[in-house]
Structure formats: structure tokens, C-alpha cells
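Each of the two complexes below includes chain A, the first together with chain B, the second together with chain C.
On to the complex of A and B.
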């Protein structure tokens, strides 16, 4: 899966939870879920559960704690998909 | 964990304890009840001369049973750090019928998920006639105490 496709899929996932619509429009690898998109910590859990469902992967606690921005989310998703 | 153990671990006390008892609990769902006593303070002002239970208190009944009781049960023997507590994070509830002073309500809560310290439940509150009073989804999380 290329990066643009993955970012586009992440954009759809975070859309319902992002408070900052402008940051959502400009989402890129460096976008931070909390600081840029203003997703609160409770909704971050929903983002991760939606990622699990969308990609059919299981995110463990350690990965969850690292999944705070688009870049690390992409790394984790790619690693989990590769390990399947 | 027994119902009695769950109730003993509740972090609430009057006048803000809104669980009288639990009918049953397991890792998927919980059923509990509460009676709104006629002499409760809230009826003096909600509304003037026309006492009706405030929606926030109906929400609180559902949260204390559906999130806190079930959360305590799901944590089991896992001890929360002294600086940790429960926080309500979201509610999406429809209110269908009024609850008058003296009415007993029963909460039916079913776990949607409990992951990464967040518990989300589908909840229904019914009156003694078995009619839905309100229903929706609520979620809460284990958080660091805000004052510490």
C-alpha cells in the first residue's frame, strides 16, 4: 500500500474525532493526532479501534502508546500488516 | 468478584451515590437499580412546583452502574494507583419519558468494548412499568486524578 493511500485511509478514520478541521484537510506524515488534530485521549482509543477494524490487525498496549501521530500510525500499521 | 465487593469499591457517597443495588453483573453486562426518593434536594428546584428528575441524574445513574460498577468488575483484582480515578468521557443519550419523585429505575448496560482503559457501554434505563426512560451509549476512562 502506498503512503498516499494509507494517509487517505487514516484521514477517513480520524475525521469524526478531529476537532481541528483545517489540520485534517492538510493531514500529512507529520500530523500529530493530539496537538494538530486536537483529538482527545478518549477518542484516541476509538481511532485505534477503528484502525484495527479497517486493517484487520490487533494493536497491543505498547503500539497504542506510540500511535500519537500519522507517521507512527503508518509504521505500526505497515509492520502489523507485514507480520500477518 | 461478587456484587457486594463491587458496591464496596464504589467511589461515591450520598448525596451523590446513585446505585441502590445490582441485580447481576458479569464481564459483558450489568443490571442495577436506583429509587429517586421524593425528598431529594433536586426536586425543590427542578422544576419550581413541578418536580421531575433531571436528565443529568438519569445519566448519572446509568454511568455509575454501567461504567463504574462494570469498570470495577472488569478491573477485578487489578489495583488502581492511588492517583487514578474514573472519568466520564462521552454520552450520547436520548430521553424518552419523565421520571417522577419516588420512581424506581433499572439500568441495563452492555459492554461495547473495554480497551486501553476505556469502557464504552450501550445503556437503557427503564421505569417500573418496563418502559424505556432513556437510552444511548456512554463511555468512561481510567484517568489521573485532576488535583494531583
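On to the complex of A and C.
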């Protein structure tokens, strides 16, 4: 899967949680979930559950802890998909 | 400090009306909110009728945004939000994310349980070793203080924000606790109220206790029969009521409309001694609670114009009337008017007291007594104590000055509130 497609899919996943819609429009690799998109930190676990469902993967606790921005999310998803 | 406390806002989500205009119309016309419940029938409940507020998704979206409604499954919190946010708006107080913390406003909003349906969902996942898939929504929807926490955020309440719980006395207790907080100068405004979840997991315990009627499954509107000779148990209900209590000083300063004055009241327990138990009231305590409430309000028993009873339609209604009669030293034609809202909405459990208090305040404000339905056949033990004309069965327009409202709950707990027309 190319980066653009992956970012587009992540954008759809975080859409309901993002309080900053302008930052959502400009989502890119460097976007931070909490600082840029203003996602409530409690909702990060919901984002992760939605990612698991979308890509049919399981994200371990260590990976969850660092899944705070688009870049790390992409790395984790790609690694989990490759390991399948 | 001993500040006067008034009611400046009302909200309600009741089985026979959501919102004050619909509810007022329903109680004046004696409209029942009791309906057949297919879910209870499928689960083979003895009682297959119930009272539930009707809240379509379009209405829910006026109180919760789409993200908040994702995986939302706590109808008690929903009813409480509707009642509480409506009451705040009715009092013309500001709400929303842009409002800064209001250090002078808080809430004591009671509940008997929280998000039982949500808790059930969570329990199934946990037992299925899916705890990691619970997400973020379980705690705020199942913690006992959930309703006050949600309201606090919506309304920028920055004084005390808490939830009280005393079974079916919860609503009356919340008003008296909020009253005290304002009276002693700790807050200017308190949102008082209470809510109850709906559904089989709340009502099942009562069905199991055999305290609900099973004789009216084919005629729901006639099922809840307080004070009737053919009363055969209560009809389970649900919903929420809310009252904005405010110091008279603050209300006058804001130019707020005033519905009524809270003169005070009393709360006690029979300690489950004598004829009291976990499930039955100690009459000595009930009478004492009523007398102490009247004393605290600084009025006399002869001045009470009307009673809004607890009266659930179990075998205990006549005993309640007897307790009122002894406590007030009044009987026959000298007894105050009395009515029981449960005839239209069933027993809304932890939500009952506050919904009924909203009705009592509306009666004082507009000068009417809502009709008692389903008691054409008054119980002879009741008519032996009070004259039937004191139990209006038609809407009665009447200027009322003082209403006494009492609620009694499991655990042998009692609360009595004295309300006065504001002049």
C-alpha cells in the first residue's frame, strides 16, 4: 500500500475524533493526533481499535504507547501488515 | 448565612412527556406514558408494561454530538442530560464549550445506577477476554457519578459536582442537598435532579421481588393504579427531572423568572427497625420526616394545601395516607388535596422524586392539581381516612400556596420537601 492511500485511510479513521477539522484537511506524515488534530487523549484507544478493525491487525501494548502521530501509526500498520 | 432559595429552571424527560411543555400538557390531561414493552414480554417478565421517555435520535443529537453518541448505551445519562440541560436553558443560564468555569454553579444529580446496558456490554467483553477492545467509553457511562460529570462538562459547572443515591428518595434528597448548599452560601446556583435507567436489567430485580403488577399487561394505560382498591403492584418506569435552584439574591440580580420557593424539608431513615425493613418504611420515621420538614420550613400543618405523594400502587398506599394524616393531624374533609404522578408514569425509581417535584412546582406556578387517573375505585382503607374529594380525578384549577412532596426509598429512607408559591 502506498503512503498516500494509507494516509487517506487514516484520515477517515480519525475524522470522527478530530476536533481541529482544518488540521484534518491538511493531514500528513508529521501530523500529531493530540497536538494537531486535538483528539481527546482518551479517544486514542478508540482510534487504535478502529485501526485494528480496518486493517485486520492486532496492535500490542508497546506499539499502542507510541502510536501518537500519523508517522508512527503508518510504521506500525506497515510492520503488522508485513508480519501477517 | 440563611439565604432564601428559589426554583428558576425546570427540565424533564418523563414517560408521558419529554420537555416541560409536553409534560405539562400530559399531566393536565391525565395522559398515561405506560406502554406495552415487547422486550420485557420476550424475556418472560411477569410485568410486561413500563414507562420510558421517547427520545428519537434526532432529539438525542440536540444534547450529544455524533462522537459522544458513538458507542453510547446509557439511557439514564441520556434522560438526565435532557432534563438537566433543558432546566439550565430554561433558567437562561449559559452552556456550551465556550463558557468558562462557573465557580458559583454546581450540581447534585442523583442516580440509582449508571449505564446498566453499557455495563452489560462491558461484562460480556471482559468475560470473553476482550478487555483490550472496551475502548474509552465504558467508564464515563458506568461510573455512579456519570450523570453529574456529563452535566458538569456541558454546563461549565465549577462548584460541587456530585451524584447522590438513596433509592426512590434520590430526587427529593438531591433537591434538599442542593438547597442546603445554596442556603449556607456555598453556591449561588445548583442543578438538582435525578435520573433512572430504563430496561430489563434495572427492572428485573423488582419483577423478581414480585412488587410489580402482572394484571394489566393487556391494558397498559390502566396499569398504574395508586390509591385504587385494585392496585396490584407498581409499573416500572424511568426518566429524569431537573430543577435549577438558586439563591433569591442571585435570581433577582439576574432578573430570572421564578417558579417557586423551596422552604426546606427533612431527610431521615427508620433504620430498618420496627415495621421498617430494607423494603418497607418505618411509619414512625415517615411521620417524623413529614413533621420535621414542616418545622424546618417554618410553616404549620394546617397551611399545607396539597400533597404530592410517593404512592406507588402497591399495598402500602393506605399506610402512606395514614402516615400523612397522623403527621399532619388532619383527616376527612380537612385533609389537604393529594395526588400521585405515578398513575401516569409508573414508578421511575431513582428518577421518580425529581420528575414528581417538577410536576409539583408546575402545579404551584400555574395553580392547578393534575388529575389522579386509575383510581375510580378508591381503596376503602383510604376513604376511611380522607374524603374522596381530596383526591381529584379531574384537572382542578386552584390557587395553591404550599405543597408537601415526599419520597420514600429502599433502605427505609425518607425525604420530604416543602415548596411555596413565590410571591
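As a convention for this text, the second predicted complex is superposed on the first by the 84 of 84 C-alpha atoms of A that agree within 3 Å, B and C clash if a C-alpha of one lies under 4 Å from a C-alpha of the other, contacts with A are read in each partner's own complex, and residues count from 1 in each chain.
Note that in this section a residue touches a chain if its C-beta (ideal position, glycine included) is under 8 Å from a C-beta of that chain, and two chains touch if they have at least 3 such contacts.
What you are looking at is a predicted structure, and each value in this text was computed from that prediction instead of being measured.
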item: First (chain B), second (chain C), both or neither touched by A:51; value: neither
item: Which superposed partner A:16 touches (first chain B, second chain C, both, neither); value: second
item: Which of chain B and chain C A:73 touches, first, second, both or neither; value: neither
item: On chain A, the residue positions that both chain B and chain C contact, one per complex; value: 42, 45, 49
item: In the complex with chain C, residue positions of chain A that touch it; value: 16-17, 42-43, 45-46, 49
item: Residues on chain A engaged by chain B in the complex (per definition of touch); value: 40-42, 45, 48-49, 61, 64
item: Chain A-facing residues of chain B, complex; value: 89-90, 113, 115-118, 139, 141
item: Chain A partner contacts - residues on chain C that touch it in the complex; value: 66-67, 70, 133, 135-137
